[in-house]
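Okay, so chain A shows up in both of these, paired with chain B first and chain C after.
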Partner chain A sequence: MSTTLPVAQRDAATTSPEPGKTSKATRKGAGRIDPTYYWMIVPVLALFAFFITLPALVGVFFSLTNYAGYGDWKFVGLSNYVNIFKDPAVLQSYVFTFGFAVAATVAVNVVALSIALGLNARIKWRTGIRTVFFIPMVLSGLIVSFVFSYLFSNTLPALAERFGVTPLASSMLADEKWAWLAIVVVTVWQAAPGATIIYLAGLQSVPSEVYEAAGMDGAGTWRQFRSLTLPLIMGYLVINIILGFKGFLGTYEIIVGLTGGGPGMATQSVAMKIFSGFTGGDYAYQMANAVIYFVITLVISVIQLRLIQRRGVSL
Partner chain B sequence: MTATISTGSPRGSGPSASTRPSAGSSRGSRPSAGSAGSPGKIRRSSREGYKVNWGLTVLMLLASLTIIVPLYFTVAMALKSADQIGTGTGLGWPNPMHWENLAEAFVATNFPAHFLSTALVTVFSVLGSLATSSLAAYAIARNWNRKFFRGSFVYLLSAMFIPFPVIILPLIKQTALLGLDNPAGVVFLHVLGGISFNTLLYIAFVRAIPAELEESARMDGATTWQVFRKIILPLLAPMNATVGIFAFLGSWNDFLLPQMMIADPALQTLPVVQMLFQGEFNTDYSLAFASYLMAMAPTLVVYILSQRWVLSGVMRGAVK
Partner chain C sequence: MNALLSRRSLFKVAGVAGAAAVLPLTGCGSRAGVGTDGVTTLRFMQNKPEVVAYFNQVIKDFEARNPDVRVVQDYNEGNFVPSLVRNDPPDVMTRGFAKETADFVHKGIFADLTGLPAASAIDPKAQELVNSWGRYGQDETSAVPFSLAAAGVIYNRDIFAAHNVAVPETWDEFVAACGTFKAAGIAPIYGTHKDSWTLRQGAFDYVTGGTLDVAGFFSRIYAKGAKISQDAPESFTNNFGPALPQILQLAAFAQPGAETKNYADGNAAFAKGQAAMYLQGPWALSPIIQANKDIKLGTFPLPATNNPADTKVRVNVDMVLSIARHTPRREAAERFLSYLLTPEVVNSYNQKHAAFSPLKAAPAVVDPQISGVAAHMAEGRYYQGAGTYFPPSVPMNNYIQSLVYSKDSGRFLADVDAEWRRVAERTAI
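== the complex of A and B ==
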């Protein structure tokens, strides 16, 4: 696929689209360039630099100061960074965020793949059922969380009481041990359709002849799934895991809608912690936290991209 | 619930599903009978037959209740009076229905103003996303052999590695300094935040457009702008739909940026307004749910009316 492409051009590699048109580009590229092309992209680049890159640099700068978000400041070197590693509240938010992201990634992908398999099978009323399954995609995560918040704290306990299931009789959201589970459930509700779509695209790329051949050879359904479907859609699985995990690390609105970070600080995500830098007077400190968070996500991204390259998955 | 669905997965795995004895044993016999008989026969029956897998259909219907029940619940709650909500589960249908809750919430939240604000942010975000990312993608794809454009592409993509929480604190300060602590500022950031992904989607598409199409127009003296507008843009229509849908949903439902950026509560967007009902002592659930319902309804209705178009657009993004 990339055989016609010079090695240097592969540096954008993993994320760059199929390099199909190289021959034409080189043919034209020898001459002068129409300045119009610069007009098409330079304003965008300028805005991007100003609104995305500049704040990132400013943030790194202030993470080395004791700026409170207002008033005077001076350089304090790396002491913010050192303090972060000694701050149990911050460390706890990292533990929660990563645990949550792992749980949500697994749950979302299991559910999404199941739904995709179901929608791809020979079921009746496929269009209608599909429409229903994708509804969460168009709804605000915050409002959905508010609705679920009532379900978790009132409806579920009331039902549990009626049927005598005492462990569920009190609100899950008020329970330090189980509040995270409620957040995972709503995250799955909200995020599964997006992942399902990617899986559906993957399943539809599998030619049905493959199954017919396997069926003739007497492979059972589970066997077919494990030995045929799963390997054939592996690329889509990897993409879903990467996109999902990165997204779930930044979870914010569902937590705001369900627990607000509570009870206590049991469900406080790193993002929430960082945002508290607005009001808490520890702007610089939370900026240091943000930089650490960035480095961590970057490392994860690089590892994931390496994995993709090794697998030869084309994005 | 997760378990219920996942047990369905192996069964749904392929066209010759339902070999499992647990469900649809009557039809489970088909593949095995086929393997004994002539192979040509199976192919025809599985192609044209489209024998409905009823066991799986029922399972999928049950699973779809996980979506329908919360929505039903929202509607039911929105139509209840405070007394009807009481201490019950909230799952019963209200009798009588209190439609006046909707009118009350309409007034209490100043719905029209926030609807307008949300709609304006969304419209401009969608238009901005379409314009900037299609132009950028065109310029990059047609000049891929030039360092500057390739570099620009990598640079824009780098945003995908910067999580929003990392830049948000300085960003808010910066936009406030510029007087962009309003819906207009949110539009800027919605456009720029989505630009990496959107450009990526477009580039693949632009590359598939043969350059010969443009060259003949250029021979006739068309400028690059004209080529883009008259030839490329119409050809991009399917991708415009895809990018537009993503931009619309992302912008309409966004909570983080409007909440943090828009200083004037009167200009706030619909999702953020729902925070109003989260006060410690606020237990007016009928009003709250009526308001939630009204905030959810627009996208829900549009989606259901145009689901075929929406889903095919979104699928296009996934296939890429």
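== the complex of A and C ==
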């Protein structure tokens, strides 16, 4: 309402006196919160509640039944939850997902920080090179993983055979022990640019004077990185680790494109297991799985938020 | 003015959408779905996106003879379960028939087609493939077969002729043929192990179907419910165990590096003559021909034992026809379904798509690509693949892939028995 005020005031002479009243009321209530903010929040809140919160609650409800997604159902109490803990396939997916998330977080941050340091230095064609490094970010994960699936299945074995590297001659994707590594590699390729941007921002916030001073005191490059750069960008590191870890816990599309959860059951992530409930007539059971996973991620998020607050960073 | 116009048209759109949403709710009377011009509109869901053109022609012919009915084809089968959730399923539908569709039958989704005159033309053996999964209300006919696919070993006739290999009729002959090709430097079988479903439909289903009574096994294990254990006589361990070495032997005849190839790679490579045999169904024929129109293909059923009389072919009930149980357009739906069952429609469809007609009076199959399994089909020497009996919550494809890669039969049997019991416990299958 108040956004239309200037126009209304201009036309006040010809139109009804109401706009004038409104403007007075607004001026009087200067200490009150502008209703515009509510107009910005309420529709989003309503949409969120209707499309996210409500379905989630429906899902929680059905996790207590034996509903297949359609047809008849009855209450089964907590037996779905009990069965989840007795299901080695589900437990294996948890072990895989957490192992993968840790490995991917470490790898992404090491790679992204190295790239950011390189891109922040005074190198030739810096802008052009930066652009190249950010291309993976705009590509869809599914497409990236289909391309890499081809590379891992055909190109890499062919090259390995040519140069006599026998361990790589059969596809990594077909090896139950090493398929996860291929997934980490592709994840790093796709996720590193996002983390690099955050690190670049951090590096640019470090004033150059501190390096000049350190240089005068005779600190070498490594010493400068360890004692100056790293502490000064610690907030950015924490943000990257937290956002990355949370994202990798929900990993789905890259695995679907690369291995489809195989070979065997080696690379089934929790998200894939949950989704299988929609196609498998296992809706209620996987809903229970989803509720458990939600609680676990919630706990992890709370712990991480605490850590952030201690560091004095706010998200 | 412009804004006003667009707003007005927006209202119009909203009004139409609202009316469309309300229509199915109010339309429960007998005249529902009948437009003001007296034309009934049927929704027809069809499960094969690659044959849309064929059915468009069929619909056109049908509409010409039945001016009071309009048929809308929907080939996105993914809409089916959501339509059930909305309680608004399509009026007439085609589906592949296996465990999943059988579950829909048990939930009473489909209308009873018993006594429909057009259904009497169907071969009872073909109807039994559907009925054996259990019928709604003991004796209802919820679906009638429209197209049967016979899957066996697709072979390259030129390669067979060049090496003087005849179509094997026993397992020993088959192994010997593989040996001949191997010695000549040709991959006996093109393996696409990266796509785990190809291992399930090929090596796993062919060997188990050829050596065991698959239907009997599953009816016994389903009857046992959650009371199953690994040492029970109904368990996988005690029934499938002996077949596993043969499955592994068969998978090992694939070219080196089969783990890195998927189904599309396999079709392309087989078209180029990179292997003598290919464990795929007739659905692979047209992609292979597309890649190489000069290739001469044939199909034979895998002989899994040394008695040629045991040899059976894996049959897929590729398409069945059903009507939604509560459709208010039942009469028009039955008319359309009966038209689909006329010999011209059924037989020409199956001839065109390298499949087998389920009609009693089906013409002899002369297509050289599939004529090698025609006798088995005609005599009813077929089985439905063991893989099709599993509830979808048992990730059978992954277990089979794991078995082929690790060659660990013990773990496979223990895993499948345990998974089966867990699923049975929680879903009371």
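The criterion applied here is as follows: the second predicted complex is superposed on the first by the 275 of 315 C-alpha atoms of A that agree within 3 Å, B and C clash if a C-alpha of one lies under 4 Å from a C-alpha of the other, contacts with A are read in each partner's own complex, and residues count from 1 in each chain.
To be clear about the criterion, a contact is a pair of C-beta atoms (placed from the backbone, for glycine too) under 8 Å apart; a residue touches a chain by one contact, two chains touch by 3 or more.
Worth saying up front: this structure is predicted, and the values here are computed from it rather than measured.
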item	value
Touched partner set for A:265, first chain B, second chain C, both or neither	second
More chain A residues in contact - chain B or chain C	B
Which superposed partner A:154 touches (first chain B, second chain C, both, neither)	both
Which superposed partner A:115 touches (first chain B, second chain C, both, neither)	first
Touching partner for A:71 - first (chain B), second (chain C), both, neither	second
On chain A, the residue positions that both chain B and chain C contact, one per complex	154, 277
Touching residues on chain C, where the partner in the complex is chain A	81, 84-85, 100, 103, 107, 193-194, 196, 257, 259-262, 391-393, 395, 398-399, 401-402, 405-406, 418-419, 422-423, 425-428
In the complex with chain B, residue positions of chain A that touch it	9, 11-12, 15-22, 24-26, 28-29, 33-34, 36-38, 40-41, 44-45, 47-48, 51-52, 54-56, 58-59, 62, 107, 110-111, 113-115, 117-125, 127, 129-144, 146-148, 150-151, 154-155, 158-159, 162, 188-189, 197-198, 200-201, 205, 208, 211-212, 214-216, 218, 220-222, 224-225, 228-229, 246, 249-250, 252-253, 256, 270-271, 274-275, 277-278, 283, 286-287, 290-291, 293-294, 297-298, 301
Of chain A, residues touching chain C in the complex	66, 68-72, 76, 79-80, 83, 86-89, 152-154, 157, 170-171, 173-174, 176, 260-265, 268, 276-277, 279-282, 285
